[in-house]
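In the part that follows, the structures are each spelled out as structure tokens.
Two complexes are shown next, each including chain A; its partner changes from chain B in the first to chain C in the second.
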Partner chain A sequence: MFLRLLIESFRRQRRRKILAGIAILLGTTAVTAMLALATTIGDRIQDELAVYGANIVVTPAAEQLDVQVGGIDVRPDSGGATLKESDLKKLRGIFWANNITGVSPQLPVHILGTTSEGETLDVAATGLWFRHSLSNGGPAIVTGAPALHPLWKLTGEWPKETSPTANSADAVIGSALATSKGIHTGDTIQLTPSPQNPGALHSLHVTGIVATGDTVDNQILLPLSTAQSIAGTPDAVKRVEVSARTKPEDSFARKDPDSLSAKQKEIWYCRPYANSIAYQIREAIPGARAEQIRRVEQSQGTVLSRISGLMWLISAAAMLAAAFAVSAAMATAILERQVEIGLMRSLGASKTSIALLFYTESGLLAFITGAIGYIIGSGVAAWVGIKIFGASATPALTDILNPVLLPVIVSLSLLIAIAGSTPAIRRALSMEPSSILRTGA
Partner chain B sequence: MSHRISLFQMIRRSIMHRRARSLSALLAMTISAAVATALLTLYTSLDAKLHHEFRGFGANIVITPAKGEKHFADGTLDKVQALAGPDANAAEFGYAVATTDRGTPVVVAGTDFAAVRRLDSWWQVTAWPTPAETSSALLGQHAAQFIGDENNVQLTFADRPITLHGAGRLNTGGDEDNRIYMPLASFTAWTGALPSVIELQVPGGAAQVESVIGDLRKQLPGIKVDPVRQLVEGENRIVDKTHALMYAAMILIALTVAISVLATLSASVLERRRDFALMKALGSSTIHMVGLFVCEAVVLSIGGVMIGYILGSGASSLISQLNFHTATMPRLSVLPAILLLNVSIAVLAALLPVRLLRGLQPAALLKGE
Partner chain C sequence: MIMMVKENLAMINPNDLTRPDCAVISLKEVTRDYSGHAGKVCALNAASFSIVAGEWVAITGPSGSGKSTLVNMIGCLDRPTQGALMIDGVDVASMSATDLDRFRADKIGFIFQQFHLIPYLSALENVMLAQYFHSMTDEKEARAALERVGLGNRADHLPSELSGGEQQRVCVARALINNPPILLADEPTGNLDEANQKIVAGLLKDLHAQGHTIVMVTHDPEMASLAQRRIALSHGKVFCHPVGGAIVPIR
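So, the complex of A and B:
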């Protein structure tokens, strides 16, 4: 009997069911979309923040004091301590290895040579990775300077990691230098032999011109291995820029790990703060000094937390609005059926069984439309995300449908539908059946 | 005249008599107005708020002397500040390479600490020197390791010695860690070097930065003015994308609420088929009755907008207080849009079921079918 009442109610009162169903569907769609966007916004904004470059810098601990003004070394390069390039793969083995999204080692060298047009060159150059595959036995990340500097504008191609011949290597020229010395893509620069570079490497082949908007515009960029052989220091790097996904700094993050108790230190260690990642890098690479670049890290954290905070608050507002809308629709749907309730009661149905029937109807409706709303909402979120942030690749179905959200959304819609029905059901049940039937509502 | 009064009375009666129904319609209108107000108010002030957050990244314009010149002409900083406006932060720096008592070369920078503190909020400083102390310095944390006694920092520049008192240590993770910062006046008196870099932070997006750069280049010919490209472009990208995201969210939520309100109100009109039938049987025209419904809906929606505007302004101010730690004042400029939106929804809700009503037979309805 109960089942038949339920089925008939859905069959016969289609308009009312559709109305309430649409309200729940829209509410859950909006809430799902907002929650799905809010949960992914952090990663998306962090990807956008990558234009600010590295947030951790690694330098040799025993290094002498840098004497740099405006990016130009005032003191002649005195060698000094270096890090080992071969140690960098250890970055893939630290606790937060998967949060490290970019690694860019640098080795500054000095280049003496002549261009194809006979101009003499006496310029600074930097050895870099361009597309280097960094692996510690496990899966590799392909990284390098271009990945950490998305605003560098290259015309031509980045140099190849390994030289095509033993005595020639690829290079990219900064745009200001290229203009002032008249160097073009395809040119060859003859190197002047020096004590460090006794002549194994004769020439640089220019594969491109890069515009960076800073001091790099006046430099030559070389593959790291070429810079090492020019400087005569195999395996050496002077400075490593690391870009890592971090958690915005809070007061706990600023604590000195060595002053914490063993348990607290473990918690500190296992959170992706810039400070903890820098600490782990110091542990992994002997003789290294790793520090967060505060200008980037501090402000990134604020921007990130503001934007994701805004999304969460708006999601909360959406949830509240959807809850009101759904409960209003549910209340309307039940108030409309006062006559039916009056009739059922006068035919002898108990209040409990009527309430049960209405609750079951609401619940069933909420369950089905909530699930549909979840699917539509996830789709909307994915579409909006791709429209605004662009898609790196075709998103997999598992990326679009967040499995954690499904139970959350369905139970929320159940809860709201039942809570929204309650006042109306109570009101309808509290009225005298005879008076309802007489006035007919 | 009497006709008008009767319409007014009918609406009043209709609203007062069906208090529960009218209240639920009013509630729906209030919520839709409140949500729209909150989102629109936040949306209109979003860009300014986001740009404010980006001030933490520091200078977005770097100014250096003309080619061949070693330093700026007198009063350049004041001119720059005047051109960039009172909201911009500017700080000037002079640099020299001095030698410590242990013979290590170190970069010493002269600057105005108050200006730097405003500009470079990411500097982590143990204690800022007070303006009164002319010989107090900030020691970069790396530079400090090359100095014997931080209270008695002895430096030499071109055989001219100076003794500074280290007020605090500086930690930035950048080049600043390797330097010693001191007040500009004492720096110039000691080394003879004048400021050679002005760092300027202009609030706002790429358009504002570009316009300030244009003004500076025009008014201060010869001087090199460069944007810090990664900051300007990065800020623009993120603000634009957040803006677009907020826009999408606003449309999504407004649509949800509007359609729910539409459903609730239409249902309440439909449910009064009996009234409709009775009035029709008593001889009133369809247009007259539709007018009544529309008037009723408009009255309810205006009431809803008034309450909703207050609630929504409160909500937006709460959200920005929670998230951005700054207040958002209620904006009267959003009110016309909200009013238009809600009144249209209400009118639409009242008109939607008219076709359905027109087809109904009063006699059949009144008999209770």
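So, the complex of A and C:
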């Protein structure tokens, strides 16, 4: 009979259930969407941010440490081990080559010269790629320092590579240096001949001013080939920043591959962890030391935790709103059924059994609408994901429906429905059945 | 049971109706006040009388005189503010809420002016609902009860598909399904036309003949004349029967 009561009340009074149902549905849809986004947004943003900035740095193995203070290599310019620029194309041949989105070799040099205004210059400079086409015979990627530093602000143009034998080369001046020395785009810097630079290079042509917000603002940026001829070390590279699309690090990622069994190592190797890509780079480039750098990932982490914090907050707000809506809808639904309650009391039903009936009813409603809300909400999350992140392909159904969320959402919706209907049920039961039946229609 | 009641009625004289061994319902100085925001209303004022088992009593009086209040208290849907109310030998004022629910399911059958059928349940299910809250549902028995009120062929109809008279007969079937000793009818024919009133009156006569005690509120003199005696209320006071508890028999 209990079942019959429930079923018939749903079957024959569909319209009355709709109001409360819609309230729960909207709430659970919003919460599902938020939670789905909050849980997947981490991966998504990881992917997005991974495009920017380096997450692997390659240095000569002989150099024990990559000694950088505030972005400046404090080791002596010359001397020490170097990598070969010509080896870098091997990055296009490693297992995860397609995950490598950016490569930026660096060669620090020292520049002595005079500006157009006659100011003496004695500054650090870095040789870089700006728009370099990197290919290992197969398809090329066009990359360089600007691609890895999307926040650099350039006024003017990036230097063009010139032949090593030309007597003038392009350069970009850091904004702080440009201000302090009064250098402008179009200026020429006369180079003071030095023992390392016996070549033909006499002057630098300033093609632009770059603001980076870090110590590069006090430097001159040159094409890598120019730096190599200034330093007198053709093909030499001191440090390579690599940006790779990686799988977020987990405990397996942190394993030392050489301590793993062959099979496990194979699995490790074939996962795009920053560590395994670094491992493959070490294999590919002789004398290279490749390390994952976490500095960027940590800041990614901060952004992530802020964004998901926001998502959680919105989820909580959506839930609260849903609870209020449900309680309002339940209040109407139950007060409409006061006569029913009065009648049941007159038939000898206890308050407990009536409360049980009504709770089961709203629980059932919550269960159904919660499940529907889960499906719709997941769809909304997928849609929002596509809108925000511009997904390349339509995500698979298994990606849209996160199975962990289903029980979470359904229990949340149960909680909301029960909490929301409690005031109405309590109120209805506290009314005297005699007065309900007296006035009841 | 029927035999015993008839014996009782034959034996006792009207002035002896308050004898505790016969009284199935007995009120002593029962008062019911309602205190709302507009002040205190005394819906029932020191009512004292008794009803014996198997008796059919009509409660009459103008609107607002406290008839429904009285019936609701006898039906344990409401409690007296003051005074003692004994039903079937039990002081209901001292019962716990849960015991009272149980007691109500066992002892009382309600017939309402507005029928109060659950709109989403069929006639049969409405009758079975009373069984469910009493003990266990028994579809056969419920069908039999509907047949008894002449609705065997309408058992699976919803209340909205039944006429007022038919709905009231469902209500009667529901009231008697658990075979309660006391039937309370608050204007059972108030919403019915003459033809249906006759049918319901006939049903009540049958129930009375079977030994049910019937307390019936009515405005209708014809209905009231079916009862064995009448208790008249005015402004919450019981009159029309001598002090001391004896009630003037109608016939």
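Here is the rule we use: the second predicted complex is superposed on the first by the 227 of 441 C-alpha atoms of A that agree within 3 Å, B and C clash if a C-alpha of one lies under 4 Å from a C-alpha of the other, contacts with A are read in each partner's own complex, and residues count from 1 in each chain.
One rule holds for everything that comes next: a residue touches a chain if its C-beta (ideal position, glycine included) is under 8 Å from a C-beta of that chain, and two chains touch if they have at least 3 such contacts.
Please read all numbers here as calculations on a predicted model, not as lab measurements.
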| item | value |
| --- | --- |
| Partner chain(s) touched by A:E283 [first = chain B, second = chain C, both, neither] | neither |
| Touched partner set for A:L37, first chain B, second chain C, both or neither | first |
| Partner chain(s) touched by A:L26 [first = chain B, second = chain C, both, neither] | first |
| Partner chain in contact with A:M311 - chain B first, chain C second, else both or neither | first |
| Touching partner for A:R438 - first (chain B), second (chain C), both, neither | second |
| Comparison of chain B and chain C by chain A residues contacted | B |
| Touched partner set for A:L347, first chain B, second chain C, both or neither | second |
| Contacts on chain A seen with chain B and repeated with chain C across the two complexes | 440-441 |
| Interfacial residue positions of chain A with respect to chain C in the complex | 1-2, 4-5, 8-9, 11-13, 339-340, 342-351, 353, 432-434, 437-438, 440-441 |
| Residue ranges of chain C touching chain A (in the complex, touch as defined) | 68-69, 72, 75, 77-78, 97-98, 101-106, 108, 110, 112, 114, 116, 118-121, 125, 128-134, 137, 158, 174 |
| Interfacial residue positions of chain A with respect to chain B in the complex | 16, 19-20, 22-23, 26-27, 29-30, 33-34, 37, 41, 44-45, 48-49, 51-53, 56-57, 64-70, 74-75, 149, 151, 213-214, 291-299, 302-303, 306-307, 309-311, 313-314, 317-318, 321-322, 324-326, 328-329, 331-333, 335-336, 380, 384, 387-389, 427, 440-441 |
| Chain B residues within the chain A interface of the complex | 20-21, 24, 27-28, 31-32, 35, 38-39, 42, 49-50, 53-54, 56-58, 64, 95, 97, 104-107, 120-124, 142-143, 146, 171-175, 177-178, 197, 226-231, 233-234, 237-238, 241-242, 244-246, 248-249, 252-253, 255-257, 259-261, 263-264, 266-268, 271, 274, 315, 319, 322-324, 368 |
